[in-house]
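Labels run A, B, C and D following the written order; every chain starts at residue 1.
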Amino acid sequence: MDRKHRIAARAAQELRDGDVVNLGVGIPTRVADHLPPGVDVYLHTENGLLGVGPAPKPGEVDPDVVNASKLPVTQTPGCSFFASDLSFSMIRGGHVDVAILGALQVDAQGRVANWSVPGATVLGVGGAMDLLVGAGRVIVTMSHTTRDGQPKIVQNASLPLTADRPVDLVITELAVFQVTETGLVLTELMPGATLEEVRRRTAAEFRVQLA
Amino acid sequence: MDRKHRIAARAAQELRDGDVVNLGVGIPTRVADHLPPGVDVYLHTENGLLGVGPAPKPGEVDPDVVNASKLPVTQTPGCSFFASDLSFSMIRGGHVDVAILGALQVDAQGRVANWSVPGATVLGVGGAMDLLVGAGRVIVTMSHTTRDGQPKIVQNASLPLTADRPVDLVITELAVFQVTETGLVLTELMPGATLEEVRRRTAAEFRVQLA
Amino acid sequence: MKQKILSKSDAIARIRDGMSIMVGGFGLVGAPLELIDELYRQGQKDLTVISNNVGEPGKGLSRLLEAGRIRKAIGSYFTSNPVVGEHVLAGKLEVELMPQGTFVEAIRAGGAGIGGFYTRASAGTLLAEGKETRVIGGQTYVLEYALTADVALIRAHKADRLGNLVYRKTARNFNPVMATAAKLVIAEVDEIVEVGQMDPEVIVTPHLYVDIIVQREGAT
Amino acid sequence: MKQKILSKSDAIARIRDGMSIMVGGFGLVGAPLELIDELYRQGQKDLTVISNNVGEPGKGLSRLLEAGRIRKAIGSYFTSNPVVGEHVLAGKLEVELMPQGTFVEAIRAGGAGIGGFYTRASAGTLLAEGKETRVIGGQTYVLEYALTADVALIRAHKADRLGNLVYRKTARNFNPVMATAAKLVIAEVDEIVEVGQMDPEVIVTPHLYVDIIVQREGAT
C-alpha cells in the first residue's frame, strides 16, 4: 500500500456506519476504497448527488453523472439528485457528517489553507469554504510536507485561510493530529514514523499524547 | 348578478392570458368564474399548488388537495405541487403576477389593512403580508363600506397595516380606484353608482379621472 | 445499514419535556396525526411547538394544547383554532406570530446554515416592531433569524428504508423544510419500500435529513 | 395559452449588449450549450456572466470570453479554464468570486425576494474582506446580497408546453435556481411534451419561472 493509500486507509477508520461523507480531490477520493466491513457510508458530491458510486466502466459513462471534480462517476441504489441550492443547504446546515479534504497548509490552531496557491491570481474557491464551516466533522488528509520538503503544518499559515473554523483531525503519512481548543495534539505515529521525524518536519507547536 | 359577483367580474377584466394569480378568500375566489374568453390564468395557492381547479364534485374530494382556506379543490392539467418554502419564494420573488385580496381598510395611499380585526388578540397573519409585498400586481376587491355602513376607504387606517407597499387597484361595488404615487384616483363608477354616492361613502381624499 | 424504522411509541419516546418540536401540515392536511396522538398519549409537556397552525379543537396539536402541554407556539395562523385564543387570554400560552413566508424561510434558514435573512414581508407593520431593518435597493427589509428545533414530526407519503421521502399533493407543505431544521427528524409515512425502489430524480427529501421512519397504522 | 416555444435564434435575439446573464451548468454538465453557441453567433457583447464556471478553452462560455464579449464574470470556480486567468491578467475581464454555496444562495435569494442573508462561509477569510459581518449564536456570519440577472440561460431535460421543467441527474445543478432569478428565462430542452403529460409531483421548475422554451437540435 503506497503512502497515499495508507493515509486514506487511516481516514476511513474514522467513518461510522450511516455517515454521509463528502470527499475532496486527491487522497480523500481514495478513502472510499478502504471502508471497514459493516460500515456503509453515503457519498455526497456538492454538484447534486447523494449516493456517489465508483468510476464507471469504459463504455458505461453517463455524461450527466459527474462528481465535483467533473469526473464521471456512477450512482448507487437509494441515491438522489438535487439542485445546487439544496446541496449547499445540506453542507452549510450540518447535514454532511464528515468532510475529508486536502490542504496546502494547516496552522497551529488547526485551521486550513487549501483554496489559493501562492502568487497566482485567486480565481477559484468552489465548495471548500462551505464544507469547512458546515460539515459535522472535517478531516484533513495530506502529505506531511510539500514536494520540496517544506512543512505544511505551520505555526501561522502563509497562504490565505479557507475558514475561521479549525478542522477536527489531520492525517499525514507520518502522523495523526487531533485538533483541540488549545491547538494540535499528536495522537498517533503512522507505521514507520518516529516522533523525532514528525518534530523535524512540522513547523507548528503541538502537544504529544501518544496512546 | 349580485354585488359580489359584479366586483369579481370587474376584477377578472384585469387579468391577462398566462397570468399566474393568487386569489384570497371571499370575493376574490369568485374571480375565476368570470374570466374573459381566451384568457387562461393559472391559480396559485400558497400551500403548494400551481394550477388550482374548481371545487370537486361530492364524492370526488381528495383530502390532500386543498387551497389556502383549507377547502377541497381540484388540480388542472399542467399543475405542479411544491413545498411551502418554494411557494413563498414564488410569492416574495415576484413570480405571482397578480394577487387579488380582500381588505378591512384601504388608506389614502392605497395601503391595506386586512389581517387583524379590531380589539381581538392578533393570532393570525398567514400569507397576506408576503402576497402584499411580493405579487407583481395587487388588486383589492371588497365592499365599499362595512356592514354597518362605515367607509372602508379611509384617510388613515385605524387597523394595523398589512404592508408598507400600496396596492395597485381597488374595486368595490361602487367604484374602481387606481393607486398612484400621489394617492387614490377614481377611474370608474360601477354600473348604477354616482360620483356623489362614492364621495359620501368614502372617507379618504381621492382625485377623479373618469374616462 | 442503519435501522431507521421504529414503532411510533419508540420514536416518540425520544421526546423529552421542554423540547422544541416542529410539526408539519397546513391545518390537518399533511400533519403527522399518528405521531401527535402518540405524543399526546405519552404525556411530554412544557413543549414549544413550531407549526403553521395549532390543529383544530379536539384534533391534532390542539389536543396537546387543551391538555396544557404546550408552553409556546411559533407559527403564522392560529386564528382557525379558537382554543389558541382562549389559552393566550388565560396567560397559559405564549405565541410568536410571523408572516407565513417568513416562518417557512426562517425554518429553511435553520436547516441551511443561514443565520438570518432580510425579507420585505412585515416591513412597516406591527409585526416588525422592535426588529432590525435595512434598506436594500431603496426598499425596507426586516431582519429575521433562523429557526431550528430539537425534533421535527413530519408526514410523508412514501419512504425507502434509508429514509428518502416523497410526499402527496398539497400534503407536502411544510414537511420537507422542517425535515432539514431539527436535530431529530421523525417521519410518519403511508408506505415503506426497499432501497432502490424510488426514482432518484423525484425524491424530495434525501435520506440524510431523516432519522426515524414510522409506518402509519391507520388507513391512508 | 401563451406560446413559449421559440427557435433559438428568436430566443437569443432578446438579449442585448450590456445585459447580465445567468448561465446554468457545472462545468459543461447541464450547460445550455446550444443557446451559448447561438449567443456567440449573434454577437452580443459587454456581457456580465453569472455562472459557476466560464466554460473550458474553446467550449461553452469560454468562446464568448475568448472573443472579448464578457466584461465581468461572477462565479465560484474559474480555475479550470486558464483563459479566465489570462484575461484577468490582461485587464480584459473583471471577476467576482464567491464560495459556491454563497453563489447559489445569493441567486436563490434573488429569485425568492430575499434582500440579503448571513452565511458562515468565508468568515475570517480574504473573500470576506470589506464585507459586513454579524455574530449570531456566538459565530461570525458574513452578509451577502441577492443576485439577479436580466436573462437566465438554462438547460433542462424535458418541458411541457406551459414551461414546466424536469432535469437529468447531475445536469440539474444551478439550472432550477437560476430559473427563479432572472427577468427572462430561456430553457434549452431535450424534449417538449404536451400539457398534462408531466407528473405534477415531480416537476422541479413550475412553469411560472419559464418564459421561453427552445428545443435542442443536437443529439442529446
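Just so we're on the same page, contacts are C-beta pairs under 8 Å (C-beta built on N, C-alpha and C of every residue); 3 or more make two chains touch, one makes a residue touch a chain.
Composition by chain, UniProt nomenclature: A, B = 3-oxoacid CoA-transferase/3-oxoacid CoA-transferase subunit B.
Since the model is a prediction, treat every value here as computed from it, not as a measurement.
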Quiz prompt | Topological distance between chain A and chain B, in contact steps | solution = 2
Quiz prompt | Chain pair showing more contacts of the two, B-D and A-D | solution = A-D
Quiz item: Cα centroid separation between chain A and chain C, in whole Å?
Solution: 34
Self-check item: Mean-CA-position distance for chain C and chain B (Å)
Solution: 29
Quiz item: What parts of chain C, by residue number, touch at least two of the other chains?
Solution: 105, 108, 112-114, 119-120, 167-169, 200-201
Quiz prompt | Shared interface positions of chain A, touching two or more other chains | solution = 75, 81-82, 88, 91-92, 133-134
Quiz item: Of all possible chain pairs, which ones touch?
Solution: A-C, A-D, B-C, B-D, C-D
Self-check item: Contact footprint of chain D on chain A as seen in their complex
Solution: 45-49, 62-66, 70, 75, 81-85, 88, 91-92, 116, 120-130, 133-134, 160-165
Quiz item: For chain C, which residues count as touching chain D in their complex?
Solution: 105, 109, 112-120, 134, 136-137, 139, 141, 145-146, 166-169, 199-202
Self-check item: Complex contacts: residues of chain C adjacent to chain B
Solution: 26-30, 52, 76-80, 84-85, 88-89, 95, 97-102, 104-105, 107-108, 119-127, 140, 167-177, 204
Quiz prompt | chain D residues within the chain B interface of the complex | solution = 1-2, 108, 110-114, 160, 162, 164, 180-181, 195-196, 198, 200-201, 203, 206-209
Practice problem: Under the touch definition given earlier, write down the residues of chain A that touch chain C in their complex. | Solution: 17-18, 20, 40, 42, 44, 50-51, 75, 77-82, 88-96, 133-134
